[in-house]
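After this come two complexes, each holding chain A, first together with chain B and then together with chain C.
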Partner chain A sequence: MKRLTRFLTGPLGAVLLIVVLMSLAMVVAGVSPLDGFSALITGALGGRNEIGETLVATTALLFPALGICLAFRAGLFNIGAEGQLLIGALCAGALGAAFTIPGPLGIVLLLLAGALGGGFWGAIAGWMKARFDANEIIATLMLNFVAAYFALELVSGPLKGPLAAGAETAWLDPKYWLPTLLPGTRLSIALLLALALAIFLQWVLTRTVFGYDLRASGEAPEAARRSGINIARLTWLALTLSGAIAGLGGATIVLGELHRFNTQLSPGYGFTAIAVALVGDLQPLWICLAAFGFGILESGGLAMQASAQVPKDAIHVIEGLIIFVLAARRYVATRVEGGPV
Partner chain B sequence: MMVTREAALSLRGIRKEFPGVVAVDGVDLDLYPGEIHALVGENGAGKSTLSAIAFGELQPDAGEIVARGTVGLVHQHFELIGRLRVWQNVLLGREPRRGWKIDQAAARARVLEIAASNGLEIDPDAFVETLPIGVQQRVELLRELDRDPAVLLLDEPTAALAPAEIERFFTTIVALAARGTAIMIVTHKLQEVIAYADRVTVMRHGKIVARALTRETSIEAIARAMVGGEVPAVVERVETRLVPSLRVEGLQAGSGGTRLNGFALDVRGGEIVGIAGVEGNGQTTLADALAGMCTYTGTIERRGTLGIIPQDRHLEALVMNWSLIDNTLLGRQHRKAARRGFTLDFARAQRDAETIRERFDVRAATLNVTVRTLSGGNQQKLVVGRALIDDPDLVLAYNPTRGIDVGAAALVQSRLMEARNRGAGVLLISFELDEILALADRVIVMYRGAALGSFDRAHLDRAEIGRLMAGSL
Partner chain C sequence: MIELLVTLALLTLIKSTPIIYAALGGVMSERSGVINIGLEGMMAAGAFTAVVVSFATHNPIAGALAGVAAGACFGYLLAFAATRFKVDQIVAGTGINLICAGGAAYGLVVLFNQPGASPQVASLGSGYWVLIVGAFAIAIALQWILYRTPWGLRIRATGENPSAVVSAGLNPLALRMNAVVISGALAGLGGAFLSIGELNLYSDGMTAGRGFIALAAVIFGRWNPLGATAACVVFGFFEALQYVLQGQVAWLPANALQALPYIAALVALAGVTGRVRAPAADGVPF
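Right after this comes the complex of A and B.
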């Protein structure tokens, strides 16, 4: 019995449980699990184009997940990555459509604008928390709505592209487009940028004084305060950087993938990224792997819908199940091993 | 008083295992009506587990419990609701009713009646959070007495009480026993065991290692049984040259009963200054002001470096999920020496952790295990070691031996004495009067945020200090 629970609470057991639960979800949706899985895998990894789309989704999830990781490690529940990503994308898209800056400098400036925009959006919540002790969960959540309607308002009116049909800006000059990484697909070098950022963040968190202070504040706020850490400063700094990373991600979607800002550019990346960050155990390098896994689900889910008639929403059921299994795993593990839950 | 009636509570062959440790290992214990029974032992000896089993809070893995009547338990950390009134706390869940409403008049009368019959004074309408610790304990006691227990278990009942309150508390307890209640006191204050208990049972490593009638034993014998050998001695005090180290003048900080209003204090290098006082008389405000953790007005002048031993190791001093190495850096991470380029110098931190482990006898499997897995005594030794490793000029120690076993406490006290002997100033704030009397070169009594008196080591007067601690001049 004990060996069985130990196996089920191990990583292999978690994967097995997830597969079983996914199969159940497919059966409920009226599809043979075998068909469902094969559609999912071929849809996500079956060819160059499929792999490209999976990695595009991976990249789009990885940036906000890294931002969320930074805030969560500081004990700050930033669930506003969606809004921060949108504002970052808006800044990059609007400036790119409005100004022409020569050379690769333009790309760097637009990415920077995205980071600044997202950072500003995170800083608002950080300031409210540090100054008034406002709950950051509520603040960041509500700022998502402010961001969405603010962006919609702008691109429906003043920033709307002259030829645009929907709520979007004009197309960017192709010299702002990020270079393609995998020829023939929409995958840009944004993926490399995200991976480099993950490595950098892993180093910052584990090796630097800032990372140490940040982790201390997240794990034991009172002990952190007594160790000489300025908690208020760290709070707004962490939320600003967290937003900046999500905003940078938004800018890479505009520059690398859509080449314009569109209010529909994120199908909830900023929310799925919370799961990605948690599944990745809030470790930047593991988050890369988790983002790839969720990228497979995101892009394979579309194919599954087309070929195996599984509704795409089933993918969200599956994502929910994964989080459930991992959370349960941690809980059961502590129950089995003993010690404080 | 020994009685030879049937036991009110009898435990037979009790065993309780937690992952990796046998907390209680085959214990037999009888409590008789009318006796006061002391249960003593070092931290982790199994006292708390045994009382939780006796109370019915924990299920034993093996063994038999026979109780004749209800069993009451007064917790060390009171389980009261501060925002409710005294009568609401006492009768919580057993309120007298009239129809669907609580009969408040009957409730008040009932609380006053239990209080009067036990010689306790109480205002049933006071809000619990406004009451001093000693009175809160009375509320907790009344709550148990309302259930008319045949057995009453008291977990460290006098830990937060002033000497005068302690005497008053035991008057109540002795009267209660005289009327036939079986009483078990879990404590580490051996003077109280000798003074008030009839029998004493000593536990070590989950087993009972000694049983005695208190009139036939001594504090020294009980302590030896607890430790399982001789109690380690504290390092000797040596002659030192006193140099200015800390000067506090006109210190104003905090609010309410713990407010400091013009507090003044001098600590010189080469001496230990002890702040004696009952918990909740401004000690925390003073410690926070000195550590720069709260706003204050007035003068705090300090020479040289500072090492701090905070009072709550779990909350204020350690990151429980971190390793010993990472915790060794906490509070020192902003110093130049802690860094190498952009990164923290973890190699150096590891060497420091190793030094602390050796010098302070921190028992850990490796330096990479989380401090959560260490016992309280070893956690505290790590905290003390970290505060002392850089040889600070001033040490601020707030209850440095609270809740740790005799051996660990002696080691901590020795290291503090050594810091003093090498010329550091030590400010020792402690709720344990005995610790202060043993270590301090000078004692200051703190009461309601003010210094009530100052005593040199040559003129220590325990009775006088006790009186001042209770606020009588």
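Right after this comes the complex of A and C.
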């Protein structure tokens, strides 16, 4: 019984659930699950280009998911990764289009600009929380909307590229483009950066004093405060770093994938990343695996929509349900296995 | 000038109404101890369902009722997860938001075969004034219920100290269930107002964060129905102001202006905290 629950409430259970729910979504849309899944899998992993696109989506999800992980571990619900990612991308895209810096240094500076921009956006919520005890969930959510309109204003006016049709900046000079990882695809070395960041974050969380303080203030804030941890400082620091990681991700989308800033660059990566972080059990290394799984859904979902006419939005419904089930899973597991609830 | 002020006042009433419904739902839920981050999704569910039913029956009143029912269903889902499974309410609410927004987008394609927006359906027409007046009436009624009836006292007690409610021989989980289902129903009605009251269709993302603004209004209004309603009118005013300014003042940045209600909510959030206190057991599973 214990084994069975562990199996069903673990990652394999999550995969099983995804398969069942996806089949249901396909049947409702009038498509046989067999056709739907073959479209999804071929679309996500069927060839070099498809794998490239899946890993591009994996990378785009991994950065904000790692940022969210850091904040969640500190007990701070950062639901604003979407806005932080957008601001990071905007900073990198706007500065890259405006200034000429030698190539490699330029890339580093633009990535840094993205991290600073996203960090600043996270810091606003962090400052509001630390200074005024303002609810960080609502603050980060509101900042998503402010970021979206702010970016739209800038790139439809002063920052709009001279030849751009929509709300976009000018193209970046190719010297700022991130080197390609998989030749012939859009996959850049941003993936390696994200993986390195995940390993680093795992180390920080489990092996450093800062990581310990972070987890302590998340799991037992009162005890943390009494043991001398400066909660206010930790709060704004955690939200700033969380935003910086998401912002860095935004910058890599601009430098590695699109080569210019566009207000439509994120199809809700910042929100899907919440599901990624939770499925990854808020452990950076598991989050990498979860990001790959959701990367398959994201890129395969597009193919499934095109070739099998199953609306891609079904995937968001499934993500929501997964979040739900995972949230209930701990309770079910402890109930069956005994021990404190 | 007078005309402009009248327009602004009317538009403020119209723009406040959906947020008021959602915020009243937020007050109910949080007073019972459940944070309802899913208000946004419940509004979307209400808005979309109202359009579907109005499309099928050509009866907008049936549509509005269906919107209420859809909101209540998702309220039930959150309530069930929060009371029976003791899930993290923020996480569950985020899940509901994804399910509802994605579900509506999926439904647009499956039911109407057109992504982005539904076809036009029968709307409430001038009947939407009933809903506008109704928002304020329900606010007054809820204020009375929460502070003047035994049931209201029980709900508030559940949000402050559920163990005390148990010692009084009542079931706090059942009380939370009721409060959160009502919360969803109100958010659903707010959504229905958006889709078949103000407009006559559902379009993707039409709730535009109103459920989240409502949460800010709950805090700004100190967790009581009339306070939250007043806060919603303030946020509604900024939304209306943005529309009026856009038409009148050409040199103002049109896109940045749309951020006005969200910035107002942020400022309100930072401004009131420290001087307000949430229900003691708000967000704590029991």
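Please note the rule applied: the second predicted complex is superposed on the first by the 321 of 341 C-alpha atoms of A that agree within 3 Å, B and C clash if a C-alpha of one lies under 4 Å from a C-alpha of the other, contacts with A are read in each partner's own complex, and residues count from 1 in each chain.
Please note the rule applied: a contact is a pair of C-beta atoms (placed from the backbone, for glycine too) under 8 Å apart; a residue touches a chain by one contact, two chains touch by 3 or more.
Bear in mind that the values here come from a model prediction, so they are computed numbers and not experimental data.
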Between chain B and chain C, whom does A:152 touch in the aligned arrangement: first, second, both, or neither? second
For A:216, is the partner it touches chain B (first), chain C (second), both, or none of the two (neither)? first
Quick one: name whichever of chain B and chain C touches more residues of chain A. C
Examine A:226 and indicate which partner it touches, taking first as chain B and second as chain C; both and neither are also allowed. first
Which of chain B and chain C A:207 touches, first, second, both or neither: first
After the superposition on A, what does A:174 contact: first (chain B), second (chain C), both or neither? neither
Chain A partner contacts - residues on chain B that touch it in the complex: 18-20, 291, 293, 308, 310, 315-322, 326, 329-331, 333-334, 338-339, 342-344, 346, 372
Interfacial residue positions of chain A with respect to chain B in the complex: 207-209, 212-213, 215-216, 219-220, 222-228, 337-340
Spell out the part of chain A that touches chain C in their complex, as residue ranges. 25, 28-29, 77, 79, 128, 131-135, 137-139, 141-146, 149-150, 152-153, 156-157, 271, 274-275, 278, 311, 313-324, 327-328, 331-332, 341
Mind listing the chain C positions that touch chain A in their complex? 37, 77, 81, 85-88, 90-92, 94-103, 105-106, 108-110, 115, 208-209, 212-213, 215-216, 219, 253-256, 258-259, 262-263, 265-266, 269-271, 273-274
